[in-house]
Amino acid sequence: MSLSTAELDAIYLTLALAAITTVLLLILGTPLAWWLARQRAQWPALIEAIVAMPLILPPTVLGFYLLLLFAPDTALGRAWEGLTGSQLAFSFSALVIGSVIYSLPFVVQPLQAAFQRVPARLLDTAATLGASPLDQFRSVAAPLCRRSFVTAASLGFAHTVGEFGVVLMIGGNIPGETQVLSIALYDYVESLRFAEAHRLAAGLVVFSLVLLFALYRRDRRDSWRIRA
Amino acid sequence: MSLSTAELDAIYLTLALAAITTVLLLILGTPLAWWLARQRAQWPALIEAIVAMPLILPPTVLGFYLLLLFAPDTALGRAWEGLTGSQLAFSFSALVIGSVIYSLPFVVQPLQAAFQRVPARLLDTAATLGASPLDQFRSVAAPLCRRSFVTAASLGFAHTVGEFGVVLMIGGNIPGETQVLSIALYDYVESLRFAEAHRLAAGLVVFSLVLLFALYRRDRRDSWRIRA
Amino acid sequence: RVAVAANFRATLEAINRQFEHNTGQPVVVSSASTGVLANQILHGAPFDIFFAADRQTVFKLAAADTGPRRGEPFCYAIGSLVLVGGDGRLAQLGDPGLSLAVANPATAPYGAAAMQVLARPEFSQGGGRKLLRAANVVQAYQFWHSGAAELALLPRALAPAGTPVPGHWHLPLEQFALTLRPQAAHPALHSYLNWIRSDTVRALISEAGYRPCP
Amino acid sequence: MSGLSLQLDCAAGEQFRLQLACELPATGITAIYGPSGSGKSTLLDCIAGLRRAAADSEIRFRGEYWQRPRLFVPPWQRRTAYVFQDARLFPHLNVEQNLHYALRRRHRDRGVSLAQVVSWLQLDDLLAQHPASLSAGQAQRVAIARALLSAPELMLLDEPLANLDHAASQQIIGQLQQLNTDLELPMLYVSHDIEEVSQLADQLVLLEQGRLAAQGSLLDLCSRLDTRLSREDQAAAIVVGTTAHHDARFSLTELDVEGQPLLLAGPRLAPGQLRRLRIPARDVSVCRQRPTDSSILNILPVTLSDMLEEGPSRVLLRLALGSQFLLARITRKSAAHLQLQVGDRLYAQIKSAALLMEPVPEDG
Amino acid sequence: MSGLSLQLDCAAGEQFRLQLACELPATGITAIYGPSGSGKSTLLDCIAGLRRAAADSEIRFRGEYWQRPRLFVPPWQRRTAYVFQDARLFPHLNVEQNLHYALRRRHRDRGVSLAQVVSWLQLDDLLAQHPASLSAGQAQRVAIARALLSAPELMLLDEPLANLDHAASQQIIGQLQQLNTDLELPMLYVSHDIEEVSQLADQLVLLEQGRLAAQGSLLDLCSRLDTRLSREDQAAAIVVGTTAHHDARFSLTELDVEGQPLLLAGPRLAPGQLRRLRIPARDVSVCRQRPTDSSILNILPVTLSDMLEEGPSRVLLRLALGSQFLLARITRKSAAHLQLQVGDRLYAQIKSAALLMEPVPEDG
């Protein structure tokens, strides 16, 4: 199975986008989830609901609103252009931002659920041994929730790979720049080129299957050692 | 804000679809997640990876493959028609099946991560008190993982509400039958009727926000009582 | 039941309103992109007639022998292209500094036509421009409408105020329709087809920015 | 019908292996005694079905197999109740709900009621609390209550009193003994507190590094010099006597032990009942002549039947009192001074003795 | 610089409230003793900073405020180490990693080394095991090791020996005492085992229902008849003596207590050292004449300074030995028989006494 340059470009872009997005999601989602899990008050439930919002809007519609937000004549668009010298809309950065917003709930929610079940007793124990709150998180909570990190990262990654509506809308489908795999695949289906579509879909599925299988298998091995 | 009949139809369909899908997701996803969480072997990692697959394919592409599967001339399509007397593709049932497949990972993964952290000690304790495995699950594991059920259900529900690519493909956008809210919204944006789109999107967001806020707030109140 | 390419939906709804008013027959409209609809039709979608945005798809469908017996494809409108944005001059198409939104040439006929226009030698200096391929013409419109793209090549139906692009700069944008059931069995379908071919409808179509078929 | 017969081989990790074969009675209280890490909890886990012993192991309770080759009765069908070393209350249920959990799933209809258990273990004030808010001792009491409520046919207790103060554990010990006889509920009781063990147990199983070191009735094992028990600081003999008359003025009960009177502090007991007494070795001294003006009331004529040197400074004596035996731990210096020889007739002065069925300490 | 000064008000739930004000020395071992549910763990939690006492509470350690109005030093800056009642090992780390966890975050540089702690607590074989596979006693030993490795300035121990057998806990008690003096590491030690407490503690804090019932040096509190301690079954007096010569033949050490010789079994001790002895009340009997042919070696002349009736059958005697006191528990019948009167000169026969610094039981 040989791939065209356009396809290779799209694969590369997809992987880069998914990887960067996943990393950003974990960086942003982890503290947010931790904060939400440890707040006793009721009002953070509002933040939780807001985080879940991107799920509710159809991707293209969400994309449309994001596009309105990113356009060069909006505050954000102007600020970005002032800072970086280039336009935000239809850039790779825009794709990353859009993907992060769209996939945030998939990362925050499983992490929050996991963090809520970290026994306070163990964090207290760490504190008496001299661990600061950050250290407590790093050395106790995070390792105890490793399976949920795997879940969060793989949901985030997979969803970014498969994401399409938002990306199409704010990316502009520029080959080598914002044309990701899902759009290429979509194009094939749209133009009734089924053979190419099947080939690309099969490749994507096999690749992801291998990747996720390896990830989950490793996690299984490690987590059983601990639970034994 | 008054709604047209078509919009009311779409809202009703959406809620019905999301509710039925969420219920089915929990019914199917819970035992699957439990099984995955309690299996010590390595090979179930493959099942985990397969469950995550629907995420990888762009929704329309996934929808396309589901369409191939549901078409009246396939085995499944024929069997369905034989059983129910009506066509599967472009029916509400097809939407439900498609949504369940598409949202399965959002339910299975958080539940599995949670189930893996239920202490075996507590299940053993329940067993010595006479609880069968099913009873152990019901009376110990499930209540301990309630936050993850909330997460799973709300991700599944929200995603079904916002889902669009799959539904459009296998549902056929038929008003009153398979035209759900997300598609109606999409139609408005597509036909440049932005005012209506904004109105519908705002309604959708506010409604979901209120629903999720109530859900999360309740969960907060209950879970802190237990953790205190 | 009518399946219609998204770009023609608004026009068709106006046409249907009159038909419903005249006959009392309800018409149910489903819209999506031409490709999605074609896929659905190939797999048993319960539509009676399909208004595509191009010529190719309809002929492919007619050639495929799955499904119930289909009618002959017929042309119902010819689209034309306009340029929006900037100062309105066509010469801007040669400016590499201006971003331009078009529909995806791989899937949308207006996108393909736009590419043919851009391929003309007078616009070759614009080769380095930022070319935004929207999924369809509507999205191309949105790109321009949101201000994210400076120029867009769009159907006249979407942007009546745009600067027309000479029709001979690209292959004709014929839009074809296809009946998906034998007409004989559906009297309503028969009368609907007659209505579509009526002068009233032709007038409506050209009002919406299309040219009538020959 | 017999009792509980075990033939176990169960590896835990690479280094530890529990291997034993024994028959235990299905009545009374059997103590499982041994140092930390000797496999006591592992043994209970195997009996409860929470750990799976190797395939050729056998567990039979009252004639019914719980495990044998190609058969493994799952824990929820074994009709045992288990009080774990850590209380293991369900964190999502409050105390009352924890108790109801057991009640709703009880193994048989006969059994104690919620109200009884709550009053025995003084849980009234705790019913609404969640486990996380209980003190360790309170949690243990709730765990015992929960196990009792499941109306088991065999009760497994793993150091249930480790976190309780002396007064509270004395009280619970009394209640467990009561239940044991009233409900005919056999108990396996893990403990490393020999005082607790000898107060409670009828039978004793001594574990050492996963093996059976000794097994038998408490009375036998306690007065032998060759087991680990006699080497304990708290070594004690157990003797049996019959209650004779009660001295109301000083609130003392006289026991007849092998024809000799023994006075015990404590409430009135009906005459003619068999009672067990625990007499710690370090509370027994010997002399050649009967002292007269001492505060020690109990002075019994005995015969020295055995002597065992313990380290450089101490000697353990086994003293025959009729057909029963006392233990006495004295210094080697005293032994030399008194020129003790096996066969000597001596007087044993008993500073304190504890009546086991009604655990009230006593002194002379 | 002073010690640990507390002024606490801490509500736990609706029903329980810990309220006390006291000054504790920042040296030696202070035992916190009280029945289950009296607030012992709550007190340690407040000192460690894991529970927040009411805003007007004050905690000061060596002159430094850990809490006072508008100041709350977080637990990780308090330089305490806490051995919890449940071991609370980190389940995702094996034993060695649990120890390293403390080592890497130690509160100061001075402190014991990993190798030392591992050998003291005999953890060599356990280093690779995960906490879930440890027996309860093993887990407790690891928890003690981990706390020691964090090199604290104040050690909080909550019933650290509840799950250990007698031999193991004797050994650990010896080591804790050693560490306490060698490292000048003050300890607060919660226990409801009065034997443990009187072996270890210099100071005693008695808690009852969240209030301070009594506080003072172990020696004082133990020989008083008016505290809860004397009502315990295991009531005991603590006396101080100076080591005199050692009898190598019988391996006995003579202690000089108020001019009287007292013989103890055990290893050689250099002469002239101050040592504490614990003498349980129930191991002391009295007589009017000195017996001569008894195995009881220690017979001391005393004066009866106080008597307390305990229930219908027993009497607790306070016996003056020079400026110190012994306790003796005898039956009321004996008291009547001997016609005891305050001021009588008697002989106390001591059946057993335990040297506290080197805990070897001894008998006469």
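A few comments on the model shown:
To keep things simple, chains are lettered A, B, C, D and E as they appear, and every chain counts its residues starting from 1.
In this section, a contact is a pair of C-beta atoms (placed from the backbone, for glycine too) under 8 Å apart; a residue touches a chain by one contact, two chains touch by 3 or more.
Owing to the predicted nature of the structure, the values given are computational and were not obtained by experimental measurement.
Common neighbours of subunit B and subunit E under the contact definition above: A, D.
Note: the chain lying farthest from subunit A is D, by mean C-alpha position.
Among the remaining chains, C is positioned farthest from subunit E, on the basis of C-alpha centroids.
Of all residue numbers that take part in the contact between subunit D and subunit E, over half occur on both sides, making this a same-residue interface.
For the pair subunit A and subunit B, the distance between C-alpha centroids works out to 19 Å. A separation of 36 Å divides the Cα centre of subunit A from that of subunit C. Centre-to-centre, using mean CA coordinates, subunit D is 26 Å away from subunit E. Averaged Cα coordinates give subunit C a centre that lies 91 Å from the centre of subunit D. Counting only residues that touch two or more partner chains, subunit E has 86, 133. The set of subunit C residues that touch two or more partner chains comprises 36, 39, 142. Annotation for subunit A: residues touching 2 or more other chains are 60, 64, 144, 186, 189, 227. Pairwise chain contacts present here: A-B, A-C, A-E, B-C, B-D, D-E [touch as defined]. Remark: subunit B residues 121-122, 124-133, 135-136, 139-140, 143-144, 225-228 touch subunit D in the complex.
Residues of subunit A touching subunit C in their complex: 60, 64, 67-68, 70-74, 77, 87, 89-90, 168-169, 172-174, 179, 186-187, 189-192. If you check the complex, the residues on subunit E that touch subunit A are 48-50, 74-76, 78-82, 84, 86, 88, 90-92, 101-102, 105-107, 130, 132-133, 146-147, 150, 156. Contacts from subunit B toward subunit A in the complex involve residues 40, 42, 44-46, 48-50, 52-62, 64-65, 105-106, 109-110, 112-114, 116-117, 120, 144, 147-148, 150-151, 154-155, 158-159, 161-165, 182-183, 185-186, 189, 197, 201, 204-205, 208-209, 212-213, 216-217, 219-221, 223-224, 227. Partner subunit A is touched in their complex by these residues of subunit C: 33-36, 38-39, 42, 57, 60, 99, 101, 104, 106-107, 130-135, 139, 142-143, 146-149.
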